[in-house]
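Each of the two complexes below includes chain A, the first together with chain B, the second together with chain C.
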Partner chain A sequence: MRRIKFRLKRIFLYIAIIIIMFCVIAPFLWTIISSISTNKELLSVPVHFIPENPTFERYKAIFTSDDTKVVAFKRGIINSFIVSSGVTIVCLVIGTFAGYAFARLKFPRKNMTLQFFLFTNMIPPIVIIIAIYFIFSKLDMLDSVISLILLYSSFITPFVIWMMRSYFVTIPADLEEAAMIDGCNRIGALFRIIIPLSTPGLVANGILAFLMSWEEFLFALILTTSKAKTITVAIAEFTGKQYVDYGLMATGGVIGAIIPVLITLIFGRYIIKGLTSGAVKG
Partner chain B sequence: MRKGLSEKKLAFILIIPAIIIIFAIVIYPLINALYQSFFDYNLAFPHLRDFYGLGNYIDVLKNGYFWQSLLNTVYFTVFSIGLELLLGFIVALVLNQEFIGKWLVRTLIIIPWAVPPVVNATVWKWIANSEYGSLNSILYTLGIIKKYRVWLSDPFWSMMLVIIADVWKYTPLVAIMFLAALQTIPDDLYEAAKIDGANPLRRIISITIPLIKPTIIVVLILRTFEAFKVFDLIFVMTRGGPAFKTTVISYFTYLETFSQLNVGRGSAIAYIIVFFMSLLSYLYIRSLKNTDNY
Partner chain C sequence: MRLNKGRIGFVLPAVVFLAIGSLFPFFYSLVRSFQNWNLNVPGDKITFTGFNNYAQLFTSFEVFGKPLVITIIFVISSITLEFIIALLLALLISSRDIKGKNFFRTCLIIPMATTPVIVGLMGKYLFSDFGIINHYLGKLGIPPQPWLGSSTMALIVVIIVEVWQWTPFMILILEAGLNDIPQTAVEAADMDGAKPWQVVLFIKLPLLKRLIVLALMLRTMDCIRIFDMIWSLTGGGPVNATETVSIAAYRIAFRYFNIGLGTAYCFMILIITILISIFYVNILTREEQGAW
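The block that comes next holds the complex of A and B.
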């Protein structure tokens, strides 16, 4: 009796897991399948779930075609790479320094400053986008990759400061003190002891900053018109009303998602640690 | 031992880059928007720019569309977060069991979270496509619907699909946070409850939920602020339609400012959003303090 009950429980558990995995994977997998289905199959009723003649023509077209939308898309990939990498570097440098100060140094109004950073993290982008648009247009900074890097960095830095601060707090202070007795100054100890020990935290924050910049849409939509368009804006244009090439829409979506998905699968361990550390300690 | 800089000066040097970038790019525009909100300023008539006092705020608060979009935002936020918390909790309970392929499942489950919102919206827009979408095809084949439906033109289902897209992306994140919290609960607590004769549901209600309550609250706060900002899904999937049913507050502000070109009013809406967000965070902070006390 006990054995049967145990067996039944196991069966239910595996059914639950299969359902969960189906829900997780099916929508994106379907987009991948659509991107390699022929147009005839895409437009067949009822839907063909397994393509009979898989084709990679669209992927080839996206990298070789001269169509204006496709060219904009290619440019979007490059721009998104530049912007996201730039933001990652800026945020890690600024965020690590400030995070260290909050974790280790004594200075007046420390808590107030930290709360100020947290507050800026809560401001919805839509609130400042109007003013940003006017300021940037006066300074001739519209449609520029550099502007996007500055803008995203200012939104992501508070998050990195907060996360790096929590990371530094977990590193014993004795380690730096020992180094300082051996003749290092604080900055030396920061670079030689603390930063090497914080590699997992830096990796997690770097990846999160990269992903957040990669998926940003609202600012890019409003502030870029042609040369600085990012991949998300280009994908949104694929789905626009006048453009009903479902295959190309799916292909654009897959290309836009594949980079963050791969990064997440490769560095999943670090990211999950980074994401959960704040929430679990509460 | 040479001290070099004093601690205070060093802290100042380390923090100042962050302060400069945030003041220039977040705080200054925030103040600028407040200033703009007191003017009657439409980009269609750029030479007319009259002081309008609280006029923009009064206009917005009298505007039925504003309240409709606020209501839509609350609807979206409550439903998507409710579902994410519930499903996330169930998924976390399942993943907390021992099973073959656990490592693989835990790795793959994060995929939806990594998909950018614009792509997420594209994926679901394609699934819900009225002619060639898989949703219609599957439901029709199973006999659940009698004829193909135009999901995204239906007032109820368009919002539901936006919610489903959001739930698909964020449930894994919520589940992973809950899972991390579940792993901190010692097994002997459950064993003791089992010996006392508590059934599984009882154990979840009286052990699991109270012990992961701090995580539930953190997730709730994080997700509320995120959900309140929703824009990408709406822009790609529905453009606020049909009949204004999916126009959320961010999209409404966007329309007022960038298609109506009404800068003053857009800024006033922005500040009303800030007011609601502050109210919300105040309520959350108060409830956090209450849970600490008991």
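The block that comes next holds the complex of A and C.
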């Protein structure tokens, strides 16, 4: 009797898991299916789950067509790559040094500075953006990839500092002290001992910084008009006011989602650890 | 002495960066919020008008009150739903040997890793008039609903999409917390004859309280400032029915070009955010001073 009850419980558990997985994955699957269905099939009743004549025309169109929206989309992919990579590098460099300082060094008003960093993370972006728009337009920095890199970095750095600090704190200070006794200076100890030991933390933070800048929308929407448009702005433009080309929208969505999703699938464990350990142990 | 040399150099770049990226814009906006700067009136002289902009926010319900109410409905219902669903699922999954648990966890982070703009577009597609959701409702005998065409329905769709994207985050955090609970506490309660629901209510939940407050705080902050997902899902419509405070402030500043009113609006959002975070931080500190 107990055995049967146990079995039933397990079956129930697996059914629940399958339902969750379905809810999580189905919208993606349907978007992918739509992107390779012909326009006729998209509107057909009953719905075709497996497209009768799968077509990759839209994917081809996105890489070859001269349509202005499509050109903007291609450009958006390249811009987003440049911006996100730039932000990742800037944030990791600044974040590592500052995070280390907050973990190890003594300097005046350390706690106040740290709390201040945390506070700036709390300011809703809309509060900052109006001012940024006018400042950038005065400095002639609108619609530029470099401005986006600088701006995103200034928002993501506090987060990286905070995370790197909690990572460095877990590394025993004895290690660097030993290195310094052996003749390393602080910078040397940082590069030879601490950074190699914190590779997992650096990877996780780098990925998060990359994803955050890849997905940013509000700033890009307001600050870019043509040549620096990022992928999020370009995708949002696929849906017009009057007419929506659902097929093309689905294709753009799939391409835009591929990179974050791939990164997540490959580095998933790092990210889960980074997200949960900070919250659980913090 | 050598230890301390150049220690300021470690933090200085970060501080400078932050001053330029947040501090200066912050004060710039603060000043603007007391001026009557309206780009729609060419040649208008910019003068200080005291609390005029703020007064305007409070006298017109359409401008500030309505988006605020919509935001509050959105925040409270999404977060409550996310929390309840996630708690049930986390309790179900935690500390049992499930085959492929890591794969399952990885699947759970896919929604939160997906760009919000794209999540919004997917929602728009699934909930469109001839979309798949209406199709299946039709099969169940329910007539197609104008999901994104009616005011109440559109807000419900926005909440559904938000819950879809962020419940997994709650599940992961709560599950990590549940796994950290010492097994002995649960076993002791078991020995004393506690029923499973009693174990959850009186042992597990109290032990998780700090983590729950933290997770709720993170979600609340994110939901209040939401812009991108709603923007691509409904654009704030139909007729402003899903316009949260961020979208409303955007419209005032970048569609109507009323910069003075727009910045004042933003500061009201900031004040609300700060009040809510003080509320959460208070609970957290009280927890830490508490018995455990």
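Just so it is clear, the second predicted complex is superposed on the first by the 278 of 282 C-alpha atoms of A that agree within 3 Å, B and C clash if a C-alpha of one lies under 4 Å from a C-alpha of the other, contacts with A are read in each partner's own complex, and residues count from 1 in each chain.
Just so we're on the same page, a residue touches a chain if its C-beta (ideal position, glycine included) is under 8 Å from a C-beta of that chain, and two chains touch if they have at least 3 such contacts.
Since we're looking at a predicted model, the values are computed, not measured.
In this superposed model built on chain A, chain B and chain C take up the same space, so to speak, and clash. In the superposed model, A:I78 lies in contact with neither chain B nor chain C. When both complexes are overlaid on chain A, the residue A:I181 reaches chain B alone and has no touch with chain C. Of the two partner chains placed by superposition, chain B and chain C are both touched by A:I123. Legend: residue contacts after superposition of the two complexes on their common chain; A:P260 is shown touching both chain B and chain C. In the superposition on chain A, A:M249 contacts both chain B and chain C.
In the superposition on chain A, A:I146 makes contact with neither chain B nor chain C. Once the two complexes are overlaid on chain A, the chain A residues touched by chain B in the first and by chain C in the second are 13-14, 16-17, 20-21, 23-25, 27-28, 30-31, 34, 43, 45-47, 94-95, 97-98, 100-102, 105-107, 113, 117, 120, 122-128, 130-132, 134-135, 150-151, 153-155, 157-158, 161, 180, 185-186, 211, 214-215, 217-218, 221-222, 232, 235-236, 238-239, 246, 249-250, 252-253, 256-257, 260-261, 263-265, 268, 271-272, 275-276, 279-280, 282. Here chain B touches chain A in the complex through residues 1-5, 7-8, 10-12, 14-15, 17-19, 21-22, 24-30, 32-33, 36, 91, 94, 97, 99, 105, 107-119, 121-127, 129, 131-134, 137-138, 140-141, 168, 172-173, 176-177, 180-181, 184, 214-215, 217-219, 222, 225, 228-229, 231-232, 235-236, 249-250, 253-254, 257-258, 263, 266-267, 270-271, 273-274, 277, 281, going by the rule given at the top. Per the touch definition, chain C reaches chain A in the complex via residues 2-11, 13-15, 17-18, 20-26, 28-29, 32, 89, 92-93, 96, 98, 102, 104-111, 113-118, 121-126, 128, 130, 132, 135, 164, 168-169, 172-173, 176-177, 180, 211, 214-215, 218, 221, 224-225, 227-228, 231-232, 245-246, 249-250, 253-254, 259, 262-263, 266-267, 269-270, 273-274, 277. Chain A meets chain C in the complex at residues 13-14, 16-17, 20-21, 23-25, 27-28, 30-31, 34, 43, 45-47, 94-95, 97-98, 100-102, 105-107, 113, 116-117, 120, 122-128, 130-135, 150-151, 153-155, 157-158, 161, 180, 185-186, 211, 214-215, 217-218, 221-222, 231-232, 235-236, 238-239, 244, 246, 249-250, 252-253, 256-257, 260-261, 263-265, 268-269, 271-272, 275-277, 279-280, 282. Touching chain B in their complex are the following residues of chain A: 13-14, 16-17, 20-21, 23-25, 27-28, 30-31, 34, 42-47, 49, 90, 93-95, 97-98, 100-102, 105-108, 110, 113, 117, 120, 122-132, 134-135, 150-151, 153-155, 157-158, 161, 180-181, 183, 185-187, 211, 214-215, 217-218, 221-222, 232, 235-236, 238-239, 246, 249-250, 252-253, 256-257, 260-261, 263-265, 268, 271-272, 275-276, 278-280, 282.
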